[in-house]
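Labels run A, B, C and D following the written order; every chain starts at residue 1.
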Amino acid sequence: MLNTEERSKAIQAKIREKAKELLSSKKVDLIIGFGEGTLPLRTTPIFVRTPEEADRLIWNSFCENNLATYLHKLSQFKIGLVVKGCDARSVVALSHEKRFKPDQLFLIGVPCQRMVDRRRVEKAFEGEILHVSEQGDEIIVEGEDFEKTLKREDFLYPCCQVCIHRTPLKADVLVGDPVEESSLVKVHADMEEFEKKSPEERWRYFEKEVGRCIRCYACREACPMCYCTECFVDSSNPKWIDKGLSPSDIDFYHIVRAYHQSGRCSGCGACERACPMEIRLTYLTQKLNQDAKELFGFETGADPDAPPPLSTYDTDDRQEFIK
Amino acid sequence: MDDKQSSTKMENHWEPRILAFLCNWCSYAGADLAGTSRIQYPPNIRVIRVPCSGRINPLFILKALQSGIDGVLVSGCHPGDCHYLTGNYVGRRKSATMRSFLQYLGIEEGRVQFSWVSAAEGTKFSQVVEEVIRDVKKLGPAKQFVKSEE
Amino acid sequence: MKLKLAKKNFIPFLQSLMDEYDLFAPVRLAEGASAYKKIDQPEEVDLSIRNPQKPAKEIFFPQSEIMFRYEKAGKENRITSTEEVKRNRVLLGARPCDIQAFALIDQVFAGKDYTDVYYLNKRKATTVIGMGCDGPLSTCFCSSLNGGPFQREGSDLFLTDLGESYLVELLTEKGMAFQKNKFFEKPTDKELAFAKAIEEKSAVKVKVSVPVDGIEKRLDEMVESPYWVRVQEKCLGCRVCTYLCPTCHCFDIVDEALTKKGRRVRNWDSCLSSLYSQETSGHNPRPTNRERTRQRLMHKFNYFPKNFDRIACVGCGRCIIYCPAHFDIRQTIKEIQKGGDT
Amino acid sequence: MSHMKNPYLPIPAVVKSALVETSDRMLRTLELRFLNEEDAQTFGFVPGQFCELSLFGKGEAPFGIASSPTEKGSLKFTINKAGVVTTALHHLEEGTEVGIRGPLGNGYPMDLFKGKNVLVIGGGFAFTTLRSLIAYFLHPENRNKVKDITVVYGARTPGLLLYKQELAGWEKRSDIKLVVTVDQGDKDWKGKVGLVPNVLEETAPSSENTYAVICGPPVMIKFTFPKLMALRFPNERIYTSLEKRMKCGIGKCGRCNIGHLYVCKDGPVFSYAQLEKLPKDY
């Protein structure tokens, strides 16, 4: 069996190959994928328009962005999109919402190795990390006066650890062999931990976390499902909330941002990764996803034919809470 | 809120303010019936008539709570009775997820409540209102999430 | 004048500062997140934080600030301004990049015709205790922008961490007011030499690496360049880079209405938001990310230099570290210098 | 503490009168009077400047001053109902207090106009500060400051023309040449029918010793500009007043810039020679 490094290399070669083919045959106008970043532990989204540029596309354990978020501003193009399992499920959810024409997308599906949490790695070291490379199933971290080998598996994003749809459920081509679908740790552990608290403690925790919010809306912009022409926070008439830092307005924003993902969230974690203030956000969407599953038997993007749960109903839906 | 007077949040004679979103076809008519039948129910309730319980945008509920409303009631037609056939079914799903999410966040249970009240259920309407007020009184004045004046 | 403050006296020193001033300093908000805050307990101060996410500009130009309160009485209004600063302030532990940025924003808020009293009152009431940056990061490029990890411009007092103590330099009149502070002692020659060594070591770490010379002229020719289409592609349109930038100073003014009274508030705003330039008619002069990204970069490297003779970037590196799409302004500068050749 | 003047504090004024200008009721002129005599005395402005009007709880919005400095005792603003603030301003009753910040911006280059002919071209509701300009020069004290005054003013329909009574008054005068046109007439309309650019071409004012001032919707400006070129107006002698989203009005908050210039502080009045060198960010 291939180790992560070898597998990444093979996937990278196939992504490039496929991209060249799609671009030279003019099947797509551009490919959105990952390119080399300028900092260790990071890659950056790139937009490739010619076959020659396709060699800039890379694949490794730092391809964390959900690239589906870029689709909204490129609606006039035919796009080849590099997707992981979670990204592909976002695409399915978006197609339910008729965000693109049927033949507009070509999904280059990557059975995902689970992505490395850059902050987790950074926090493991006192000094600044200057260079990182992947070797086999390990990551070699180098700084000014240190070099250390880490086990890749110990430094994954929490949402990647629990992922059970790493192989894209929908893709026009898979550029790697499907991977085994199992969770590395207990699913929704954050949620369960949170639920153990008393209501007062939960509210306090929520307020403390979002209390750091600077309203940069990176969580919103990074999320492929946040594409409203006018977000409720930006509406001036009606004005739902004020734009300052009143705790109540910030609470309001985060409740609605999260809740609007009800039955739409793929659990990719892009919101939490985007936050510069490191606000925990996925414990919120975990709950929504669990409710969608428990109440309506729905999982975002898992079944291309299942309508989004809040756009439909069942006459037997639970209603014990209604007087 | 303009009618701050009625919600003087002084502990001893505090009366909760409840905002009720009533669907036009059933619950609003039910409330009307309660009125015309001279069925008494407490005056703590302010009514906003909506076309259908499916019309309730969760933002309405949050905005009410942020503005200092002590309790919210959402009421619509019984399943199968929706004037628009399925509006209340769709609304029910929103209500279920919203309620669960608010509870998860730690918003006190009972601040937001839901009911089915038909046009013929004047008595039930007054009972529901009394129950909601009773629950909210137990919770006391809303504090979480209320926008402060300073 | 050079003095020293023993670390064992640090907390009592802070306490004494707080008796006289409102103290602002870096505080850890959570693991990995920090900001400058008004200090309630001296123990909150954490000078080990290299550069909090939110820059120190927040002390003079809060993200959300009430400008005045109003109260309606019949058809008339009563207005109470909040411009007055009631207590003098100390900003402690800001790094030279953030401090250098004050001088840039000063020019905007002071202005020739109108003075922004909210900003300037706070600025005038504040003594700045800067802190030498002994652990610059690989993302730092202050030296490319007339700065440096031990640049003292803008500091009234300046600290160098010597391990067991801080070297304290009194640099201005405001700084000299501390000359008789009971916690300050005379440093030894050895300590002075050590401080110098630390400074030299840091200077070497931040290489002059980002070519900004002539960028203003270069950009003059690039207003309609196709480069802006390419460079903006990955930008998500969030506000991280602008909010976390020590030199960005755009704001919005809004009313927050509460019954009969309310307040006029100014909030940070960002040129990367579509709403920023959106007109009521629906017309938006900067309708896409292309125009907005161009605005951000042009403002820093062309418009600001035109108006104030200085580039509006201090090389702190925050926009590089925190961008969710990993946009690297150093790379962009290099590309601009090549006429937009990627 | 210092005693710098706080430029963000609105000056109190009251609505003296209000008049609906147009048949679609979307334009309303508010006449405002300062609450304190002292403020009225110190408030001096030139045509082309603007103010930020405040309605507490709703916010602020910028409006060009429609009255002339020669019309003492009050200020006039013609307000197009579009957003939250303007809608609220449309509903104001006489006697209600509003806040005024200003005068802001540069205004028209009155010194340059001295001894020259002035050609004023206006379209739709952008006529407000042009009215201020015309009324200023028509005042007996100022009429000799400029030579010929030619005005071409158009609106989509007769009902949408602003300041109808005044237009009628100007028509009767011999010291101003006024050409009013509408895109589409109605049964009572006896005046000109035609688009502003074409009517300008027809009117063919001489560019010699003349400054042109043009304000109107972008599409009108787009088609009028070539006509001015054909009439041999150099860019340096064509002025316009720009509108952009503004907040502070004093060059601090950032949003209204065009290149390195701020519409609120360095404008709103610009010559085409200036605009030519700037990005088309408007």
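Everything that follows uses one rule, which is that a contact is a pair of C-beta atoms (placed from the backbone, for glycine too) under 8 Å apart; a residue touches a chain by one contact, two chains touch by 3 or more.
Treat the numbers as computed from the prediction; the structure is a model and nothing was measured.
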Message: Please identify the chain lying most centrally, where each chain is represented by the average of its Cα atoms.
response: C
Message: As a test of understanding: of all chains, whose mean C-alpha position lies farthest from that of subunit A?
response: D
Statement: Expressed in whole Å, how far the mean CA point of subunit A lies from that of subunit B is 37
- prompt: Taking each chain's centre as the mean position of its Cα atoms, how many Å separate subunit B from subunit D?
  reply: 51
- prompt: Just curious, how far off is subunit C from subunit B if you go by their C-alpha centres, in Å?
  reply: 47
Message: Distance between subunit C and subunit D based on Cα centroids, please, to the nearest Å.
response: 39
Field: Where subunit B touches two or more other chains at once, by residue number
entry: 147
- line: Residues of subunit C that touch two or more other chains sit at 252, 254
- prompt: For subunit D, what residues touch not just one other chain but two or more?
  reply: 83
- prompt: In their complex, what parts of subunit D are in touch with subunit A?
  reply: 83-84
Task: Could you please specify the touching residues of subunit C with respect to subunit D in the complex?
output: 67-68, 70, 72, 75-77, 79, 81, 83-85, 108-109, 111, 113-118, 120-121, 124-125, 223-224, 249-255, 257, 262, 264, 266, 269, 271, 276-281, 283, 285-286, 291, 294-295, 298-299, 302-304, 306-307
Query: If you look only at subunit D, which of its residues touch subunit C in the complex?
result: 1-2, 4-10, 12, 14, 56-61, 82-83, 86, 95-97, 99, 218, 243-245, 247-248, 250-255, 257, 259-260, 265, 279, 281-282
Task: Over in the complex, which subunit A residues touch subunit D? Could you list them?
output: 236-237, 239
Message: Going by the contact rule set out above, which residues of subunit B touch subunit A in the complex?
response: 58-59, 62-63, 66, 79-80, 86, 89-90, 92-109, 113-116, 128, 131, 144-148
